[in-house]
Amino acid sequence: MAGNTFGEVFKVTTFGESHGLALGCIVDGCPPGLEIDEAMIQIELDKRKPGTSRFTTQRREPDQVKILSGVFEGKTTGTPIGLLIENTDQRSKDYSNIKDKFRPGHADYTYLHKYGHRDYRGGGRSSARETAMRVAAGAIAQAWLKQQGIEIVAYMSQLGPIKIDTVDQNEIRNNDFFCPDPTTVPKWDEYMRDLKKQGDSVGAKITVIASGMPVGLGEPVFDRLDADVAKALMSINAVKGVEIGDGFDVVDQKGSEHRDELTKAGFAANHSGGVLGGISTGQDLVASIALKPTSSISVPGKTIDVNGEEQDVITKGRHDPCVGIRAVPIAEAMMALTIMDHVLRHRAQNADVNVSTPVIPGSI
Amino acid sequence: MAGNTFGEVFKVTTFGESHGLALGCIVDGCPPGLEIDEAMIQIELDKRKPGTSRFTTQRREPDQVKILSGVFEGKTTGTPIGLLIENTDQRSKDYSNIKDKFRPGHADYTYLHKYGHRDYRGGGRSSARETAMRVAAGAIAQAWLKQQGIEIVAYMSQLGPIKIDTVDQNEIRNNDFFCPDPTTVPKWDEYMRDLKKQGDSVGAKITVIASGMPVGLGEPVFDRLDADVAKALMSINAVKGVEIGDGFDVVDQKGSEHRDELTKAGFAANHSGGVLGGISTGQDLVASIALKPTSSISVPGKTIDVNGEEQDVITKGRHDPCVGIRAVPIAEAMMALTIMDHVLRHRAQNADVNVSTPVIPGSI
Amino acid sequence: MAGNTFGEVFKVTTFGESHGLALGCIVDGCPPGLEIDEAMIQIELDKRKPGTSRFTTQRREPDQVKILSGVFEGKTTGTPIGLLIENTDQRSKDYSNIKDKFRPGHADYTYLHKYGHRDYRGGGRSSARETAMRVAAGAIAQAWLKQQGIEIVAYMSQLGPIKIDTVDQNEIRNNDFFCPDPTTVPKWDEYMRDLKKQGDSVGAKITVIASGMPVGLGEPVFDRLDADVAKALMSINAVKGVEIGDGFDVVDQKGSEHRDELTKAGFAANHSGGVLGGISTGQDLVASIALKPTSSISVPGKTIDVNGEEQDVITKGRHDPCVGIRAVPIAEAMMALTIMDHVLRHRAQNADVNVSTPVIPGSI
Amino acid sequence: MAGNTFGEVFKVTTFGESHGLALGCIVDGCPPGLEIDEAMIQIELDKRKPGTSRFTTQRREPDQVKILSGVFEGKTTGTPIGLLIENTDQRSKDYSNIKDKFRPGHADYTYLHKYGHRDYRGGGRSSARETAMRVAAGAIAQAWLKQQGIEIVAYMSQLGPIKIDTVDQNEIRNNDFFCPDPTTVPKWDEYMRDLKKQGDSVGAKITVIASGMPVGLGEPVFDRLDADVAKALMSINAVKGVEIGDGFDVVDQKGSEHRDELTKAGFAANHSGGVLGGISTGQDLVASIALKPTSSISVPGKTIDVNGEEQDVITKGRHDPCVGIRAVPIAEAMMALTIMDHVLRHRAQNADVNVSTPVIPGSI
């Protein structure tokens, strides 16, 4: 079956193509009584809005979200919340040069073979534009989580070969890269300028952290918290890898080094990334993702067309040399959707659980 | 809600604790007419059976599987298949030394806080013993996939700091490590001996490959094939990271380097790992996972008990110094469950799709 | 979890309140390549449109549906179809007389206690206006089913105490009552005039028939075709009973009378209503539903208010004296959604099934 | 997809055929801390056990249930509960006379065409024997609901043409018919003796009532409480009709007669059956079902065989002349599963809801 719904209790179903009439989603299962309005959703949407950064696509899209239902007198009613963004920038364009070719690294070839035809206008449903509704729904989840004391923040931790050295969360919004390290910003800036000159693109790494986590979220053995985070983050366009806690560094770790000891003052470290046995520990939930370089570049490439004939392809137009940048608010949104869903799932079965054992603080 | 079911069409629901009466599962949604028997399931189960390798737990468990329903005259009937393994090695033991302590790196603390109490006998439901039923169900999926021309194989690609140099799939079953490189086997063997002396453990990396893949599997935008593979693999005990194709190497790749060009003879490379836009390309589906070191080690550690008091803990008994080894058949099983489910999901919506564009071969 | 989604493969999720900005739905899982447009959906919507019949609410609502996504070049793409109807008739009204009272027979009291508050404007989400989107989605399902040779028709078979005598499906659209018996129309007409004078309302019975059914739809043991039809029809506002085939008449039948014998020419009768063991037989699928009388009447009644104080209540305004009439296209829609979902579900698991036994015709 | 799972939070998945090795189920999502044991489940199972009543099948089946997992130290752990009943009465029989014939009124013909072959031994999966696991799981649900103050009871309200006159719930267990009216028992007894002589069977009507209901259960617009009750009850073998409250009697009721007025002392009546807008009112939840007469009778009938040739068929052996009797505990179980699932679903979204408006008592 088609897979346009995310979540089990807090369910988000999205629709819309990059060059269709509108994008929209239905958020079903939101607890009643939550104060939300269009302005607070817009703030999150604006983070990913093309034009915000010099290094993201300059296409102008106001992305004005409308709340169509599920909110009455400023509060959610518990009924489905309909959200809509009309596409204002859909003047007819000339797609003849890509209509019949499969752009390498894009979903053209796979969509055609899956569905029998494809919407070739700007990628159709496979466009990253679809993620706008994830961010809109994520804004609602973040508002609710904040009431529970849970906050989510993401940042770029590596751009191409250049890693950050330090993390100061206050710096993230002070630059065009969601970079938490001010000394790294000019290096990335210079790297990106070179890249644009080459007409090429590069990958990135993003780190997402949820703080204020309760103990007990996650539903083993399959719907473990880390498994659902992995799915949520891997479902973002261009993501090729997901790590929880130390991630791939664990391959070379010893057991005596990796296991986080418990003390009265909290866990002695957070190698686990805040999950044990698929259930949250109360420590920060830490995940990282790898994003591939943008496939739309002006460097020419080889491909085939719908008749199976070999062709050259070159992507014109304005494209982000690093899709990773715009993925930062999307990663926050997907993390928020996952955690909120798990808080509500946990309540369904375990609302009556009462444990005498003290909860220890997160990590020391 | 509790999360003990995997899959949407080919659904596997498991039950059972490490020291309970039995482990079991129900496989619902298997197409009728598939020839299966207990012997073919047993072959897969025996791959993960403790005692198979010198370096895995020596506890004797025959793990004899029984098919209780859903098969008539040697073939599946389309009705639910009940599978059962009785636990024969459950003599009463003395758990008093760990009953009240939270073992670092284990799920003791999180299970207690989630459910209000825990089954302290050998980890209860959080034990890796639960994965036996995944392997049993995976054997059924692998039999069906083989009929469709899809085969899955996994191997250890790194043990601690030591990586393999070459891959010869014929070598995988010739050693205790599921190692595809015979020259690496003695190195790992020596490394493991040292580790045992230290009473410590180490992590591992496993690679899983599905070949013979059709084009078109995966359900964007959330139930993408790569997203569901990520969830499936991250749900395996001890896994902390998942990669598709080049994985985290993409962070430092250029677009011109990463994108796989298309030619009549096939894709020019497989950086993508066989997925574009969340849909299979027909290339090999390639994933890698990172497994943390075993938490049960004889090196003493610090922890707290159920009263919040600080305690020392040491794990006695026989434990695998590298859980990664036993995870190889589990990774194959989870990959098989995911792909089979997606083949059936694809049929539900797209059974009538007919594309004139030729399918190109996998990678050249 | 909230329950605004219907179907497993062909999934319909609706949003919108009677007096909000808009109603909408997402249809996910529609096979690609189906020709649909707004005009064909509008035809179904117009059947339930207030103002169509003299005996249904006279409020003017154009109910113009827009397709926002999922259709490209006149055909479905396989991606989610977004549908929207803007509410044009939402001028601010004075709800002060009902804002704090619970109207008897309405969902005011239950919504308040479930969600903590309620949208008192015209019933909010509990209004029958919500069913517009079911009809819109049902129009898509009916178009697809027609291609498979399956057609669905519903009619009123009883209004208050007056039953129809004969069924001529060609007559159904020739009167305001969806009545298949032209001799009954004037009787119902007179009965309704009297009812309006009394300011009272009455119940109705509707019969729904799907013809051209294949053998084999339905997923025992829980998602039987008849069980899912029962749920679908009972989910329509005001429905209090569902029958399959002979329904409650079976209580007094003998086994020798009820069981439908099989002959080469087809089943000798259709007491079963086209389902055996929860699976379609290939006969007509026949269901009946009972609809309660409209609760909004001008006969005064007793109730309590939000403070628990007793109050008198009287419903002003224009209301249908028989909600059953408008439910006819809704019943067709819900039947279509159920059958289409089951065709696709059946394909998922059983696409390869090939039976040598001949399929016999429906009923003789 | 196959449909052997019931429920969204409290999920029950069953397996097993009438003449296979065993029947079993997995109950996933049960809140932890509930005291259950095999004896309490056995009490419910024994109610439907063949041989309990003179008028039900005399085949001896001990139906001894075993709890295989999910319970530790007498309490549920929150992990999946595995239940098993081994089939002890499966000596090889001679099925040659029915192997190739489709018994009228049975699922032989539909199973063959759905799955491509069928398990002809006693009906295989379509046998009512499957319902044993529903009753076992229902026993757990009833235990939990009792803690919440909710109790469920069902009784036969009509057997063939003979209705009960009064309801005394204390009488239900005092006779072989689950009859709440002692004066009716001898009439039914005599009617059944005659029926046995004729070798024929008859239908029945069962009423199910849940008392102690909270206000607020049910998830509009599709997963309404009444809709899910309708599905649950219609999924029971032989059921052809479901009513909520006044059911089909509403067709001939006036609005002024049907709507239940609210007073401080409670609802003035319970025509609605305890549901308004798909949400429970706090009144008794009342449902009725119609069960068709047993199809296996010794009166000869006509049918076709697997080659499409016409044949005579006669069912030998001991069969219930009224399947309705054994359906009473099954109806209780399905009602319990539905309500428990909805209590847990409601918690997921609405755990924080706090309403100042007083809850009025059920009905006066």
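When the chains are written out, they are named A, B, C and D in that same order, and each has its own residue count from 1.
Here is the rule we go by: a residue touches a chain if its C-beta (ideal position, glycine included) is under 8 Å from a C-beta of that chain, and two chains touch if they have at least 3 such contacts.
All figures in this text were calculated on a predicted structure; none of them were measured in a lab.
Trainee: Counting C-beta pairs in contact, does C-D beat B-D or the other way around?
Mentor: If we tally the contacting C-beta pairs, C-D comes out ahead.
Trainee: With centres defined by CA atoms only, which chain is the most remote from chain D?
Mentor: So the farthest one, by centre of C-alpha atoms, is A.
Trainee: Measuring from the mean C-alpha position of chain C to the mean C-alpha position of chain D, what distance in angstrom results?
Mentor: Between these chains, centre-to-centre, one finds 26 Å.
Trainee: For chain B versus chain C, what separation do you get between their C-alpha means, in angstrom?
Mentor: 45
Trainee: What is the distance, in whole Å, between the centres of chain B and chain D, each centre taken as the mean of its C-alpha atoms?
Mentor: The answer is 39 Å.
Trainee: Return the residues of chain B touching two or more other chains; collapse runs of consecutive numbers into ranges.
Mentor: 1-2, 4-5, 8-9, 14, 29, 32-33, 78-79, 114-116, 125, 220, 344-345, 348-350, 353
Trainee: Show which residues of chain B lie in contact with chain A when the two form their complex.
Mentor: Chain B residues touching chain A: 1-6, 8-9, 14, 102, 104-107, 109-116, 125-126, 130, 158, 160-161, 200-205, 215-224, 226-235, 237, 239-264, 268, 271-273, 275-282, 290-297, 299, 301-304, 306-310, 321, 345-346, 348-350, 353-360.
Trainee: Quick check: in the complex, which residue numbers of chain D touch chain B?
Mentor: 1-2, 4-5, 8-9, 11, 13-17, 20-26, 28-29, 32-33, 66-70, 72, 75, 77-82, 84, 114-119, 121, 124-125, 344, 348
Trainee: Which positions of chain C touch chain B when the two form their complex?
Mentor: Interface residues on chain C, with respect to chain B: 9, 29-33, 78-79, 220, 344-345, 347-353.
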